[in-house]
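The two complexes that follow have subunit A in common; it is paired with subunit B in the first and with subunit C in the second.
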Partner chain A sequence: MSGTELNLEDETFLSDDFLRQLINVGEVDILVGLPTHNNAKTVGPIVHTIRSGILGGFPRERAVIINADGGSRDGTPELVTGISIDDMRPASNLNTLRTLHSISTTYVRSTGSGVALRTILAAAELLRAKACIVMSPESAKIEPEWIANLLRPIYRDGFDLVSPTYRRHKFDGLLMTNLVYPMIRALYGARIREAYMPEFGFSNRLGNQFLGQNGWRDGNGGPGVELRFTLAAIRGGYRICQVFLGEKEHIERRATDLVPTLRETVGTLFAAMDSDFPIWSTVVGSKPVPTIGSEQELLLNSTRVNRKRLREMFSTGVVELESVFRLILSSSTLAELQRIARLGEEEFHYSAELWVRTVYEFAASYQKSVISRDHIIQALAPLFRGRAYTFLAENRNGSATDVENNIEGLCLEFERLKPYLVQMWKSRE
Partner chain B sequence: MREMIVSELTQAWHEMARGFAHYLPRLIVMLILAFVGWVIAYVVKVILRSILQFMKFDKLSENAGASQLLNKAALPAATEMLSRFVFWVTWLGFILLGVSVLGILGLQEQIARFFLFLPRLFVAMFILFFGLLAASFFSRAVLLAAVNANMPSPRILGLAVRSIIIVFVLSIVFEELGLAEQTMLVAFGIAFGALMLGLAIAFGIGGRDLAKHFLEEKFVREKKDENADELSPL
Partner chain C sequence: MPLTNDALWYKDAIIYQVHVRTFHDSNGDGIGDFPGLEQKLDYLQELGVNAIWLMPFFPSPLRDDGYDIGDYNSINSSYGTLDDFRKLLESAHDRGIRVIIEMVLNHTSDQHPWFQEARSSRNNPRRDWYVWSDNDTGYKGTRIIFLDTETSNWAWDPTSKSFYWHRFFSHQPDLNYDNPDVREQMWDVMKFWLDMGVDGFRLDAVPYLVEREGTSCENLPETHNILKELRQKLDGQFKARMLLAEANQWPADLRPYFGDGDEFHMAFHFPLMPRMFMGLKLEDRKPITEILQQTPEIPSSCQWSLFLRNHDELTLEMVTDMERDYMYDMYAESKTMRLNVGIRRRLAPLLNNDRRRIELMNGMLMSLPGTPIIYYGDEIGMGDNILLGDRNGVRTPMQWSGGWNAGFSTAEPQRLYAPLIQDPVYGYPAVNAVSQKESEHSLLRWMQRIITVRRSTAVFGRGSIEFLYPANHRILAYLRRLGRETVLVVNNLSSSAQAVELDLRRHKGNILIEMFGNNIFPRVGDLPYLLTLGPYQFYWFRLRRV
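Now for the complex of A and B:
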């Protein structure tokens, strides 16, 4: 099979109508993927912005917007395909030399959100798109420059993956700053801030490789596929860069969303560690990836956080889940967690070292499936809340530099204790 | 008189010798069967133990909560326990086969019943093991969900789920074994009914807050959203 041919499995999961529309489009230079599901409230402005971005940054290139919709009932696909290029010209005073196509296809959402990315990758391969980006339909505010900023490193500079960085509140994305970023950095040696990317760009080379090699039918096409995509890029030695986009305003997640989020991120990472052991076990230290613009900008405005609730949920979790933790954690780690769970608000401190040991022991237990893997991920939720409490307390009055230093310190702790993880991994084999 | 006594004794001796000669080959066959059975049972035990160790059956049993029960009863690990059980069942089967060769009329029927009972015994053990596994899995799932939903008394909820499943599994096991079916049916009905009544009372009176919290979680979503002040994890 040549690199530009789709295999039979990839072809057959696309509908005939969608294939017909793709054939009508022909080859393109740029592809923008937009996975949606009931995003009528936000998708209109996003499509406008995408079109403005393409018209402004790449007026001569052949471009297409591919909307993979998970069966929206609020008219999202119609909104995507209904916005005409002519809607843009009077307002933005922009001109294009090419037709900008918008195609929408629907998939059965129960088959997993990864189907959306798979559809976009398959379309990119069929249309031989040189540079592709995927945009989040949930972003409350994006700028046309984001499109060009994500596309340019791929289209002009030969990068294979463009990961975004944002201006965020210092306490936003606590799971990313306290677990996903430092752990990926320690394991794979690549300092990628947003490995679980809501928006990203990729080359056809990387897209085709991931489309062909990801075990879509082996449970790898579900939630967290974006993280698997990043890990595939790191693993494959592809050229990765980060680009600063701007302020990230997204739909707020509720406390109850923590467990699904842990499944998508930590679950995906732990699962990948299994097969990647020969790769990550040999990595020592970490290296920065090329970054265009700021690596991270932090907003310091005050925000309302119920820290008391975080600590209470941690303490309750440690007490109530003792029988579960006995199967996952070492006795010394569990004893230390039980000790801090009894402390009052003022004395409570979930140290970086203890947090790293906890995460590594969870990862090792996940690998050995000491109990149901999903239960292991769920059991991490109360402990994460405890760590979040300490992070908030430590950085309550901290400047952006203080917060950055705190995150850097945690990252170094993850790197320092990596031999402990390797040792546990080997001893449990 | 003396000759008569000698004649009777000789006849009795001959009959005993004839009877012994008649049973001796059967006895030898029985002993051979018992010996061969021991060898086969031992080989089966060794093979089964290796397979179970390869399958990490002890870990599975630990997850099912069966290991804890065995530990409390000062019994060996699940792998060893099952291997020994299969050894004894196999050997006993051969011994009984040997006994049946002796042709003792009363025993034949009992032996046949034993062999008919064996499949039911295995099915009952299978149900018991996987029932315990299911009880452990679902009680842990409830416990984790309750902790993460910040519900009060998560351990009681988990324990209730475990108890319900175990009671249900035990009733099936006893029914499969055909042991005291009527008694078990009544006992199960009483135990299950009492448990349900207890839960209903606990949930209705003792767990008013829990019920309130649960219903609020379920139906007053908007209110919860207004109060949600946890930061985005991503």
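Now for the complex of A and C:
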């Protein structure tokens, strides 16, 4: 049942074959979106778990699994469509009331991964899905309860966005804990842990609003579309909650380059700040969002991190990119960075205050486009490594509470220094 | 229209189920009777049915609406006399309508003389006609059917100070079919009615005839042997008669009741009925196709009997727990609508009086493989009265007109055997046969039409079925075939309009002729055949190569 390729140059966006499949699915209550690209290693157990989650949590509801695939060559779409339940392929060991369609369509991956979300949103709108979730195809393990936990707040409790929280290692997701989470919290006043969501749920009204916005002009919505989705929910005043899912286990994969991740997260955030200034400039402090289950659980088992390499890359970067930093940073901030770059391993400390000033000055420079915006984002990479080194050092022997307190302290620093950001922003207007 | 001698007449039948008491009262005593029913045969003939199934009309204490029989060879005096019955039989046959009567083999009333004799003394010659025990521990593996009222299948008899076996109400002791005298006696009962001219029996509660320790006491080989013996006698002495099994079982367990074409001619397909309702509510064909996929082939001389509603509750015994919960929530939100393991409601209220859904369900009833049975009053969309106890809410007087007592009886209303339906939606001023006869677009007139179309071809009663499984799961589509004739049936189970593509390439070159209007649809080609259907719409197409 895998579909033909979407051609983004077509006015129709969705292929005729995919539309035909959607006609056969008809109106649904629940839609599970699954963006994939060569995920055959993991996607099989994931779709089975999704199916179990639907059948267990919502046996009476009309449901569909929509796979938006970026042109897999490993049989990923077939694994997804193979778990359909219908009267031609009855699941003999499953006691089910309904047909469950699992359909797939293929997009040209070079056009960007945002196309997958756009496809899922378009399908959700056409099928008038009441509650939707998007699941990551890369998790090593998920539980059926995740499906119900993500859907229920939308389907039964009227929330518009369900953001996940996980049980993670205390050093997992350093970019989230040291930048994305505290900065979004300071800017928008919403304490959302995983704004760049691997899995999430959304209502039809939020999905439709996001689908109808202008950000799709390049066809794929740009990088970091999941983060833009979160920001759209905050910006639009939609009801947001968090739900604890469980341990997030990633499959083994090659180390991803930091810069693309920065582009998707920090770049997206900085870009959003442009248009959102009237919103975030008036926000003072922050409030927790309703959270079902734990807000965060940390694992403390030992892990090997090459901290020395991080500090070296920081120090090298400060030297090599000095001319760039002079355009981005204030002289006092740059001087302080240069000072700590010369410190030995024992003395090195990239303080929370200095880190927040750094980030805010980067954001303000990004807004003014003092140099190419992409170069600004790239220049942040070595500095983030320095901050990561300090975070790792500070929390090496820390308990979960210690680590949480550390993160909370950083968040408060982001909030405390926010007037500095507003001042810079206004002065540069 | 004389009856034919076709031994397989039941395959082409449209059966109308009626209780004499409920249909028409000719003598003004408030109770329907055989002369009254005879007066209404023209109505049934006009409707198009060609068989009637009469519920028990024997003398009875009526503690189970006549299924507690007190005398097998007579007529309950409230309903008339044996002569009245003979006249009805003759009049029905004159109109080409066959008569099927109820026969309760499994048990009698505790007021039946046989039981009175049996309990009178442990040494009475009829003692062994029933199943007795000094304790209530036997046959432990046997389920209790009437869970709402019974706590055991054994009941204490204070007269003979022992326990007797009963699968239904405690006032209905089971006969002992291990006793050859019982078997002979019950054949004599059947022969009595066959000699009079009845065309068939609906044999009640047949899975429970024999008990054996360590079993469920259902569907036992010994039971099948007894039934085969009856069939052998029937075939040996009579022509073109029919046995219909009431066995509320899964399809695989039902299959043995057909034997090798040497046991029952017909059997109710109980598991299909709730799944038709389920499929409609789910807007998904899966429950229907799955149960029909599980339905085994039956001998060519045999036939399934299909129904939407009957005199009992909409039984949910043959569904899973999850399906049962769903059905209760969807169709019986009020606890008073539930009885035993089922829902005690009529067709129209179950479907919220939605004409489109009523038509669709009847369309499936008439086009799926089997012989359809229409429950009296459902052809005009009668309602029910859930405030009446047991299953009496679906057994109220037939609503003939908007006049006195709905045209059912001239008696004082207080004397009617049951109150009339009087609510604003389903009450007899709004729902009655006379007004619907006069209205071209009434449900009654529509039912006449669909029965006429159904009877225009033998393919529905005798043809094979092949499901088409279009990707749109809201569409239930199948081909019925008999010889060179092929009919395509397409049902939209959804409350919204649907598009469907059907793979009809094997029938390339045929045109489709819609059977109700005889309009021509486009010729079948190489491409999937595209149809659009409105909410709950269905089509019957005759395929024809031109």
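Following the convention adopted for this analysis, the second predicted complex is superposed on the first by the 397 of 429 C-alpha atoms of A that agree within 3 Å, B and C clash if a C-alpha of one lies under 4 Å from a C-alpha of the other, contacts with A are read in each partner's own complex, and residues count from 1 in each chain.
Basically, a contact is a pair of C-beta atoms (placed from the backbone, for glycine too) under 8 Å apart; a residue touches a chain by one contact, two chains touch by 3 or more.
Just so we're clear, the structure is a prediction, and the values are computed from it rather than from any experiment.
When the shared chain is aligned, subunit C comes close enough to touch A:His101, but subunit B does not. Judged by the touch definition given at the top, the superposed model places A:Arg73 against neither subunit B nor subunit C.
Between subunit B and subunit C, B touches the greater number of residues of subunit A. Once chain A of one complex is fitted onto chain A of the other, the partner contacts of A:Val324 are limited to subunit B, with no touch recorded for subunit C.
Contacts of A:Arg156 after superposition: neither subunit B nor subunit C is touched. In the superposition on chain A, A:Arg60 makes contact with subunit C only, not with subunit B.
Contacts of A:Arg309 after superposition on the shared chain: subunit B is touched, whereas subunit C is not. Of the two partner chains, subunit C is the only one that A:Gly26 touches; subunit B does not reach it. Applying the stated touch rule to the two superposed structures, the subunit B and subunit C interfaces on subunit A have no residue in common. Of all the residues in subunit A, the ones that touch subunit B in their complex are 169, 171-176, 196, 198, 250, 252-259, 261-262, 265, 303-306, 309-310, 313, 316-317, 320-321, 324, 327, 370-372, 375, 378-379, 381-382, 384, 388.
Residues 59, 62-63, 137, 140-141, 143-150, 154-155, 224-225, 228-234 of subunit B are the ones touching subunit A in the complex. Residues of subunit C that touch subunit A in their complex: 278, 282-287, 289-290, 293, 320, 322-323, 326, 467, 469-474, 494, 496, 498-499, 501.
Looking at the complex, you find that subunit A touches subunit C at residues 20-21, 23-24, 26-27, 59-60, 62, 85-88, 90, 95-99, 101.
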